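These notes open a run of structures that come right after.
Each of the two complexes below includes chain A, the first together with chain B, the second together with chain C.
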Partner chain A sequence: MTSIRALIIDDDADILRIAQLSLERLAGWTVTAELSGGNAVNLAISKRVDVVILDVQMPELDGPTIFNMLRANPDTAGIPVVMLTASVQAADHERFVALGADGILVKPFDPTRLAGQIEEILDGLK
Partner chain B sequence: MLAIGIALSIAAFFVLKHEEEDRARAEFERAADGVAASLDDKFRRNIDLVHSIRDLYAVSNSVERAEFSQFVERATEPIAGVQALEWIPRVSLADRPTTELAAQSDGFSGFVFTERNPDGIIVPAGDRSEYFPVYFASPIRGNEAALGFDLGSNSARATALASARDSGQPVATERVSLVQETGTQSGILVFVPIYVNGTPVRTIEERRKSLSGFALGVFRIGDAIEDPLVHANIGRGIGLKILDISAPSQQQLLYETSDLGLSDNSTSEVAVASFSGDRVVVREFEVAGRTWRLSLSPMSAEFGARMWIPWTGLGGGLLFSSLLAAYGIALQGRTARIEAMVQTRTSELYRANERISESEAEARAITESALDGILTINESGLIGSMNSAAERMFGYESVDMEGKNISLLMPEPDRTQHDSYISNYRKTGIARIIGTGREVTGLRRNGSTFPIDLSVSEMDGDSRRFVGVTRDITVRKQAEQALRDSEERYRNLFENATDLIQIIDANGKYLFTNSAWRTALGYLDDEISNIGFQDVVHPDSVNQFEAILHSVMKGEQPGEIDSVFVTKKGRQIAVRGSISVKMEDGKPVSTQGIFRDVTSRLEVERMKSEFIGIVSHELRTPLTSIRGSLGLMAAGGFGEISGDVTEAIDIAVRNTDRLTRMVGDFLDLERIESGQLPLKFESCEAVDLISEITNNVQSIADQSSVTLISEVECDSIYGDRDRIIQAITNLASNAIKFSPTRGKVTINCRDEDGVTLIAVTDQGRGIPSEMQTAIFDRFRQVTADDHRRRGGIGLGLAIAKGIAESHAGNITVDSRVGEGSHFVISLPTIRAPKAVGSYLNG
Partner chain C sequence: MGIGNQPRGRMDPSELNDAIRELWTSERPLIFERIASLSAALSADGDLEPEARTEALRVCHMLAGSLGSYGFPEGTRLARQLEKGFQQTGFQYLDLLALTEALQSVVEGEPDLGREESTSSSNIQIPVLILDDDKAIRDLMSLQARARGFLPTTASTIEEGIEEAHRITPGAVILDFGFPGEESGGIEFLKAIDKFEDKPPVVMLTGQHDFVSRLTASRLGAIGFVQKPASPAVVLDLIAEAIDRRKSPGLQVLAVDDDADNLAAIKAILEHDDIRVSTLDSPLNFWRRLEEVQPDVILLDIAMPQVSGFDICRTVRSDSRWSSTPILFLSGRSDPDTITAAFEAGADDFISKPFERQELVARIRARAQRVQGLRRTASLDPLTGAVNRRAATELAEILIRQAIRNGGPLSVAITDIDKFKGINDSYGHAAGDRVLARLGGSLRAAFRADDVIARWGGDEFVVVTVGLDPVLVRKRIESAVDAVNVQAADSEQDDEPNISCSTGISAYPEGGDSLTTLIASADKRLYEVKSGRSRS
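And then the complex of A and B:
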């Protein structure tokens, strides 16, 4: 099976790195990791990513804003987006679903299961 | 001789006939006089009874209901014809409500002033400037209907009232039909006016001004007339008709019977054929200002003239002996007349004496039985007599005090002052002590003092003497003081309370606020009466507040109320409190609200919620990194690991997981307790839910070699699936942790009486009964080292309890030390709408 290409954006460098390592080392994905979302649209296009993983709470551009930017561009509008949130509030989850997010993952995530969970979401979209 | 004999015989015949007719008439007149005298006497005594009530009021300023009936019962045996003795106060329109209330609180719950409507039905009295209601009546039995009846509302009674008031004399009404009459008899009322003690009553104007009410006697005429005659066995064979000739002609007939001896109890319709002619005897006497005319006629042979006597005398006219006999008989007639006269006079004298001694005995009985102390003094202030109440009150014997100065019973400085009153009185003749209702201090023989209510009046008689009535008002003063103390205590409590207290009238206007309220809202005390709740409650909250006031005034209890008040300067204050209603006569008159300024508390709650959010993010993020790195290492993400490294990483993973759970538990509990835990209610399949719980705890059960048994006896569980799983998982993992090796833990769920019961049972060490409540508190464990040996920080049960309660359910434990524990969470099968509302609002 071909390797999945993912763009992951989180302002916490440690989390970002663990997610990247987890997806690369344990699942063999190709991961582009970014601390902020300013370049998200360009990267998603240039790296031809299969999925974008967005942290929700970030300074300047937060997850929902980046999500809207991706959906606004015809070249990225079709890329699945998974929100990564520390919130366990059901209301927040409902807000992301209403926004159009393809999946929601809750922090803290289990690095050994992260790739599997995202794959499940992607399978669900097929 | 014969001519003389014949002439003598004829003369004798006429003499005898005349004598015999005279004798018969005399005999009838004597009987008629007896009847008339007996009735006159009877009605005098009846009026004396009414007078005795005036005496009661003369010696006492205020007479209680019980005192009145006690007095009447003591003074009078039940007497036929006396329907009731009553006290009729004069009550102004303004005093009507308090008077009615006072009688109601005496136990006559339905007491109102009444009158007769044009159809003769008793109805509540309309408004007029003053009333003369029947206030006390004794006996009460049989006179209930009269209580409250306004005698001023009826013209016959009002006329008599006015006449008694103006004359100061007893006045009887014309014939009336009694309010309390159930038969057909007529009645009369006798009013004796009573004036305020010590006020002048010389002129009509003064009498009208100082009238305080009337003593009233109610008499049933038929009974009053027949009873004494029947008892004395007089009146047999006499027809009687009584007219009240002071009344208009159609109202004159008071009583009529063909034969008093028959003692029928009503005005007789039997023929009274011969109430005419010279055989009718007419007598008049006065009854309380009215003149009653008695027409008496002989109705039987008892009063017939024995006409055979003259004829026999004539038939034996020539017989001298018969002349002698006739003469003898005539002589006998005269003797009989004299004897009758002596008998009448003697009985009159006897009755008069009897009346005097009865009246003295009555006065003595009244004085001795009075609850108030009664003392008489002369114009020098020397004591004449004391009744037993006064003896008890002051601790002296009456005999020891006779002739002693009344000032002995007064402490200084009253004693000296009293001496100067007396000397002043001797000089000027002005008696300053005369009057009603003065509070003075009394001095007992043992030197102690006590408060007295004193009234003094002057007695009729040749020398000036005074009667003083003293009432020991120690108890009343103590009660007054207690009331003042209690009022002051509550006023202090009210004023010094830090809560905001307000009383609002039925129209929403402020009546009272305490100082905390005024300080918080920025109003001055005198501004309160000008504002209503609409000026204080925030416009956004005013409709809700008004709705609450309405519901409170309907008697509902809305529980805790949250609202927002606005200070005079416009600052908003969040308040929380309660409102209750004050009812009078079944109508809401005001609401009382107690509120607490929760502005700062709400601010704290907001900060707390913010804190939860921050902790939730900031504490979990580093944990995510640690757990992630460890996970990667353990999973071989950085190459194979083995031996001690594997073990060290396992320890780090386990403890990171534990820390993560603790942070999670802590946040959950905070959110549950601050009401910020959102719940998603749905019907969950019970089998799924329970198996998820067993999955969660299966691994720790296996580690401890504990057998996990699940029994699902219901189809569904209603509630927030994740939270129910969390709660039961907490119970199950506790049960496993405290189970012995190879023990059993059972999870059972079933429906019972509208609730779903989810039970977790273990065979562990059990919980001592004194701990069974405390274990649900946060950070509480059965022994202090449980958290080290068994893990956990003591939040699991607190969370389970919080989750159960936020579902409007509860959690209970049944446990015996050494035998195991049985925890049950009960959840409503369908949540009641009210619980949903309160939860969402909370």
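And then the complex of A and C:
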């Protein structure tokens, strides 16, 4: 199986480090990690990512804004996007589904299962 | 298994946990700073300025999002409570300060990494309050609860219990009925938590108590009663089931009626009560729909063109896979002949239109719960929690028919434990049983609820999955086996055997298009793996 290329954007450096450890070292993915979403579209294209993982609450550009930027560009519109949220409110989750997110992951995640959870979401899209 | 072909630099779950622990050590000062900033905000005079409040909320949100991944699920829970607290205007200063202090003391402890694998992951982070005046019972329940992934907290008096309940907002409660000096102290506790927004399920440990107190208790939300001396396993099973029920997306109903307006009304009513509804306005597609939806309850109209509800009911009843699914008739007719005919056709219940919303919901729930309870006990292998061979065959056949229809990938894997007889011989049968139980548990944790995980016989497990590449199936089975060995190493038993497993996988359509042929080709692969291994 070829390795999955992912772009993850979260303003919490801890989350990026844990996710990177988990996805790269445990699951063998190639991960690009960013603290903010200004470059999201360019990175998604240049790194030819298979999935984008977006934090929701971020200063400046928040997750839904970055999501819309990705969907607005024909080169990135088809890339699956998973929202990574610390919220456990059903209303928030419904909002992400309405927005068109391909999956929702709740923080804190279990680092030993993160890749599997995302793979499951990607499998479901096939 | 499989470790040799991993690329260099790859970690296994326990190495990953070590790496995260290391990361925690270096990041801890920053987290401490964040928590200190919360205390500082709270210690400032007067109410918080809007900016300070926003900043505090941001910090809480971040802490909630990361602490659990660092191995502090309790830290995440406290941070969420703090976040909630900061959102309220006129919040309780002292409460928030106390929460902040509690958070600080939690992160000063050791991260709880890697224990996830030794337990069913679904219970993680759920705090359980154990309220009993008998220390032995508290300790016993607490130990078992922890072993199953809950976060137990104990209290010995009603007063202390109420206080703890407010502090930890438990996800479930184990409650003694009587306390010294307070014969029905348990009831007092139930009354105290009755006002909770999110009332936890409560299992009561009872001695000889009269029917009336039990009735009072169940009215106040007690979901189960276990006679003392209570087996912790029984009590925790009840709790896990109650929690699963709350988490699960609810009951699934299939409603068949040729009148689209009726269907829309039924759907609206039931969905209002969190019951999922699939509707069908032409009985001709019934079987196809039945297998797609796999309903917990079927609702049938009687008079329909083409096929009558009675006929559908009779055919459902004659199929062993669906014979126990509750069937309720909804009809505008209420004459004795029609009702008799419905029950003769195999109906479980008959509801005349117009009906009361509440009554319909209550009847559906009651039917479904009874059957689910019966089905669980009849089809599960008690040692491993996997489904038994008979139930697995039925479930797998449904999945295979679906795969054939959708052309979707379906894999059948057979896994057995290498030299299991040797394990029994040298470690004893009890150790062998523990291995089987762990393997059953971690296989279930590694796959989805829709997948079939079966104990096929002896030390042989069968996994049937839809929509998953066989490579991933193998990977998941391997990780489940790794988890068994981690659990063995972590267990209180001194000398637990390490196991390895061999797995043969076949996939539809290459490997066959029936359970028999798919099992046969998976078995052939397994045999090849085994003979390859013994030669080398």
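By definition in this document, the second predicted complex is superposed on the first by the 126 of 126 C-alpha atoms of A that agree within 3 Å, B and C clash if a C-alpha of one lies under 4 Å from a C-alpha of the other, contacts with A are read in each partner's own complex, and residues count from 1 in each chain.
Following the convention adopted for this analysis, contacts are C-beta pairs under 8 Å (C-beta built on N, C-alpha and C of every residue); 3 or more make two chains touch, one makes a residue touch a chain.
Since we're looking at a predicted model, the values are computed, not measured.
> Based on the shared chain A superposition, would you classify chain B and chain C as clashing or fitting together?
clash
> Please work out whether A:108 is in contact with chain B alone, chain C alone, both, or neither, and reply first, second, both or neither.
It touches chain B and chain C both.
> Based on the superposed arrangement, let me know which partner A:57 touches: chain B (first), chain C (second), both, or neither?
Both partners, chain B and chain C.
> A:77 contacts which: chain B (first), chain C (second), both, neither?
Touch status of A:77: no partner.
> Tell me which partner A:125 touches in the superposition: chain B (first), chain C (second), both or neither.
It touches nothing on chain B or chain C.
> Contacts for A:116 in the overlay, against chain B (first) and chain C (second): which applies, first, second, both or neither?
second
> Is A:21 touching the first partner chain B, the second partner chain C, both, or neither of them?
Both partners, chain B and chain C.
> With the two structures laid over each other on chain A, which partner does A:91 touch: chain B (first), chain C (second), both, or neither?
A:91: touches chain B, not chain C.
> Please state which segment of chain B collides with chain C in the superposed model; the candidates are 417-425, 471-479, 525-533 or 687-695.
687-695
> On chain A, which stretch or stretches are contacted by chain B in one complex as well as by chain C in the other?
12, 14-15, 18, 21-22, 25-26, 57, 86, 88, 107-112
> Per the contact definition, I'd like the list of chain B residues that touch chain A in the complex.
Those residues of chain B that touch chain A are 616-617, 620-625, 627-629, 631-632, 634-635, 637-638, 660, 678, 680.
> Across the complex, what residues on chain A touch chain B?
For this pair, the touching residues of chain A are 12, 14-15, 18-19, 21-22, 25-26, 57, 86-91, 107-112.
> Give the list of chain A residues in touch with chain C in this complex.
Listed in rising order, the residues are 1, 12, 14-15, 17-18, 21-22, 25-26, 28, 57, 86, 88, 107-113, 116, 119-120, 123-124, 126.
> Where on chain C is chain A touching in the complex?
Spelled out, the residues of chain C in touch with chain A are 6-7, 9-13, 15-17, 19-20, 23, 27, 30-31, 58, 61-62, 64-70, 73, 76, 80, 114, 116-117, 121, 124, 448, 467-469, 471-472, 476.
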